[in-house]
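Naming follows writing order (A, B and C), and every chain is counted from residue 1.
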Amino acid sequence: MKLITCLILTSLALTSSVMQADEPLRGVIDRELAAGWKSKNITPAPHSADAEFLRRVFLDLVGTIPSQDETQKFLADADAAKREKLIDRLLADPRFATAQADTWDLVLFGRNPGNADATRKRDGFKIWLAKQFADGVSYDRMVRELLLGEQPGSEMFQVQFRSQPEEATVLVSRIFLGTQLQCARCHDHPFDRWTQKDFYGMTGFFVRVVVQESSSGNNKAYTLGEKSTGEVLFSGAAKDQGPGKKGEPVKPKFLGGPELTEPVMPKDFKEPAAPKNGEKMPKPAFSRKEKIAAWVAAPDNPYLARAAANRVWAQFMGRGLVHPADDFTEQNPPSHPELLNAMATGLKSHQFDLKWLIREIVNSRAYQLSGTGSLREALPTSFERARVRPLSAEEIMAAMRKATGYDAEGKTPANLGNAGNEYFMRYFGEPTNGLGEFQGSLSEHLFLNNGEHVRGFVRRKKGNLADQLLVSNDPWEQRVERLFLSVLSRPPKPAELTKFTEYLKSDPKPEPRLEDAIWALLNGSEFRFNH
Amino acid sequence: MADLSKPSMAWNLTWDAEWVTAVTFLGSSRRVAAGNNLGQILLWELPAKAGGDPPKPVARLDGHINVISRLTSSPDGKTLISASYDHTVRFWDVPENLPAATEPLTLNARMIEDTTRRKSNGAKVPPAMEAKVAVLKSTRTFNEHKEWVVSLELSRDGKTIISGDDGGHVLIWDRDSFAIGKRWQVKGWANAVALSPDCTQACVSERYPLVFDSGRHAAVKIWDAAKAEVFKDLSAEYKGMFFAAAAYALDGKTLAIGRGGELDGMNGSVTLIDPASGKKIRTLAPGHLSGLTDLAFHPDGKHLASSGRDTVVRVWETSSGKLVSEVGKSRGGQFKDWICALAWSADGAWMATADMAGAVQIWTFPG
Amino acid sequence: MKGVAVTGTGLVLPNWGALAQAKSATEAAIKNKKRCIMLWMNGGASQLDTFDMKPGRPTGGPFRPIASKVSGMPMCEYLPKMATVADKLAVIRSMKTQSPDHPDGIYHMHTCYKMSERTPHPEIGAVIAKYNGNPDSDLPSFVRMGSTGNGGAGYLGPLYEPFGIGRDGKLGSFTSPYLPEEGEKKRADLFRFVEDEFTSEHKADPFASHRMAKERAWRLLRAKSVFDSSKDWPKAKERYGDTEFGRGCFMARKLIEAGVPFVEVGQENYDSHADNFVCHKANMQLLDPAWSGLLLDLEERGLLQDTLVIWMGEVGRTPQINNRAGRDHYIRAWTVVLAGGGIKGGQVYGSTDVDGKEVKDNPVSEGDLFATIYTTLGIDSRAKHYHGVRPIWLTPEGTGPVKELIG
């Protein structure tokens, strides 16, 4: 019934092409997607069940699964507005900030960032990033701070480009402007409008940035400085390089925009001497870094809002309206152009408040579609079923801990140890093929099957899930129910209840069987993915 | 006395047949020899005073058939010694009076060819720089190396030679009799081979240049030259670093080593070491962007010059580590050109540099 | 229960585990299908410094050619052992390809399709695994070591996904179960039940991929002794060279013999934008014994005629030597070498001009090369597949096998 109402609304809306200014974005989302389904004759998946929605939105917003307690309360709640209320609660949860920081950290650095020695440990950066989300700092301001790198922690973004201003061009254009420039580094872009001049024009803004290192003991600290001189010297296409070829300085030029106008430096200008350890470099006479930061992060930058809206959409809906999310070109148009416009416009009129955009997306019926059905695509092109994404390494770790009661309630989480973290990163860090699709790997399963780290989660330990279920005198049926609620955030289906109860009763010593039971649920697709 | 803080270019000697890879003065004479990637060697006579048209080469030394890696001369300037990728070390008697100049030579042949090819795009073809040279044949050939001879040094007294090759072989041998005093093999390739002035010690950098493979190897060791045994293994302190050049100071109290190779020496700096203890004295900063290529102590014993892949030569005061001057300047571009090698004149007032772009630069340091 | 294996369908079968020793009918059938080893020169090896040398030309560089067993097929002085097996080699000097950089070139030279099309094409290893692999084998059908392809199984699905093992052929961590076999089996059955329940309503591809990977992990554990080369290596290393790459080549031979249809061994360090000659000299000294050793070993065991050995990378390198003593990527004229598996050896196919800048005759595209490879392995190079509703062929339209290369 709900679906029919939705379709009627859609056809009504389609008759008027003018969007209402005060219409909530969630409505636009549902209308635009429904129009797409209609034109392609697609029947979308049904509305998600409560438990399905609960787990999905927990993972997406706070990076972990709900506790058994939270699940039971939510499922029992009869309030018709409970989903919207839950969303509001999670958006206000401190874990929202840390989970979004994890997500964006991955966007900004990837798993193998440049200047690895310095960027391997970036706790300070993650703390800074989390603070931006916790304080509700607007996206444009956050981008500006990332490019300025003057707040403690924020410098790490540019530290990854140390002595490699070209890498800054590639990443800044891709992440914040949704534009792939890397091809134009060695030759004019073969398929796009970008030339080497565009590439090195952008690089001109980063070429004067200096990464200063100061150390006290084992801890190295980094600050960004900027010189007053220094140019990108351009000597043509890589294939035409030869000995003796001189480079010509390239003027900084905003991508697709004008050249930078800057004051002429006095002829006798000399860079001040390099500062001593711990001293900050003096500010340059004219800061190109400030100019690029202001330009990229300007609310009216032609790329910024669209790229951000598309990326956030992709984060929650699986694929960008422009897909891949950072490849805006004429050859790769958005699947729902009006929706992208609405999101970008809305983001601007809401002062680049990402939380607003996220709230609208996860409140849409589209986000809340079920993950069931016969469609095989992980990321349905028309968004007609919930997307299926593997949990990130960070989410897997957090979810396994939560599911198995690894961390006793109310206490600081125990440390898994560096080795454990590293294994999770290695085996769950990049589970996709070159095209971004999930590929199950043998090594992931060898680790799950045989690794002591995973075993540590399922084994009985005082106070953990296995222990709670073993000390209980409740009938096994009830304990199986708690097992499912704890690991999969839903009660067992009748067949599951029977099977698991039998399994646990089959052995006079239930402990090893219970380990198996927890392990089997942790290893299943239902746990491995957000769906 | 030369003022090393004020370099000035005396002449740029064009020779663009290929990269100029090696250069040396001949004893205390005004003669300079340079070699290139094709195995050719040219000889110039420099005027006594800087200025005027660049001098033309006077002789061509024929014999090598692959890259000249190293040139040096006997202290009396009468014998030129050349090491090459063709596995040989050749000796050339260079007489006071050269035979008649018979062979024509175009010094900017490649530039003419390139610009002619690009003429339709508006390239200007420069006038030919013609020279006529005498031809010398090598008098003796040392054939004990079976691989590229990549480093070679003659002892201060001119009697003993140390040479190293890409098979990892280090040979110490008599310049006149070719009798091999000591030989040993290191792991990987033997690069940056240097002999202490008293011939008791040698420095060898070892290398097997893989990038992402466990077979990758780089080490630097000081050897007891008489026993052919390792005296100090510095590899732990300079873990994984490749050193492209090494040189002992005239008094033997300082050993300079320089990091090289673009992959290994992104910021190839010079490290000064006490050869008696193996302890680091200091590192000279800044390094050569994209790697250092050559090192040469100044005859005054107080200064050291380093050249690099940044088209720059730096002159350092060794006692303070102070940068005295930069000779030449970085050519710029995304990719850098190299100064492949450098040499001081015997009086320390002149410097010759081998430029990959096809030239030898002669610098002078007016007082 | 020892010696029981479980197939992809969950069926319990008699032991296919130790395939090296098994003499089953299935194995006999699969032995008739050809196999393939790909030596992947990651980064792109220089044709001018290996098989298409231009001595005396400005593009020639410092290496010198030596004569090989086959007249007209000189090769680099640092490939002396390869020169003695030249009669087995078909050297294609006229590769003319389209993807000039690493990710796209690696993809293109593993799938014969452009990466920018964004259709998930399968890598050559997955194709060979599908057509020439034994579906009942406990061993992975597509094994690789070192830096290799980036496309995976693509639209062929998780069954044909690559299994990476250590460059030295050793299995990775976590290959020793902590549960006894009986316990493993119980737990596995419970997992299968959980998975069946979930996927009765959830059909997205990642779930199948997840399940398949799990099943394959279990099957692999039963057959892992095949990967242990510690006993044979001390002797083999004399032939293959005591290097990671040499050991990888030896492992490839062992796995092929055990019935794995496709093994890829990556050799690193070829992307020599700087110091090309230093890099190539070091690389060739590892490559020469490993590659020649592999060919001779296969021949001695009677496997060479049914085992194609491919030597290639994603790009060639520029004839011009740049001012970092490097060679950059080059796709207008470069070299790939094939041997065994029904390839007619002892020939040079195609040629380049005097400086190696352009193909002079018989250009070969990615599609032509792959069609040649598939054809000689008995695979229809125009086999049709579907990605969604869209038909896709194994090799692009307008390409076809080079008949002269096939014996």
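As a working rule, a contact is a pair of C-beta atoms (placed from the backbone, for glycine too) under 8 Å apart; a residue touches a chain by one contact, two chains touch by 3 or more.
This structure is a prediction, so every number in the text was calculated from the model and none was measured.
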item	value
Centre-most chain [mean C-alpha coordinates]	C
Chain whose Cα centroid lies at the greatest distance from that of chain A	B
Distance from the mean Cα position of chain C to that of chain A, given in whole angstrom	34
Computed distance of Cα centres, chain C from chain B, in Å	43
Length of the line joining the C-alpha centres of chain A and chain B, rounded to whole Å	53
For chain B, residues that touch 2 or more chains besides their own	335, 337, 356-357
Contacts with 2+ other chains: residues of chain A	238, 241, 243-245
In chain C, residues with contacts to at least two other chains	322-323
Contact set on chain B toward chain C in their complex	18, 37, 66-67, 85, 148, 166, 208-215, 261-263, 290, 309, 335-338, 356-357
Residue ranges of chain C touching chain B (in the complex, touch as defined)	58, 62, 64, 147, 243-245, 268-269, 274-275, 278-279, 281-283, 286, 322-325
Residues of chain A touching chain C in the complex	183, 186, 191, 238-239, 241-245, 371-378, 385, 388, 390, 423, 433-435, 437-452, 455, 493, 495-496, 499, 503, 512, 516-517, 519-521, 523-526, 528-529, 531
Residues of chain C touching chain A in the complex	101, 103, 107, 115-116, 118, 120, 140, 150-154, 158, 161, 163-164, 172-178, 183-184, 186-187, 190-191, 193-195, 197-199, 201-207, 209-214, 216-218, 220-221, 318, 320, 322-323, 328, 388
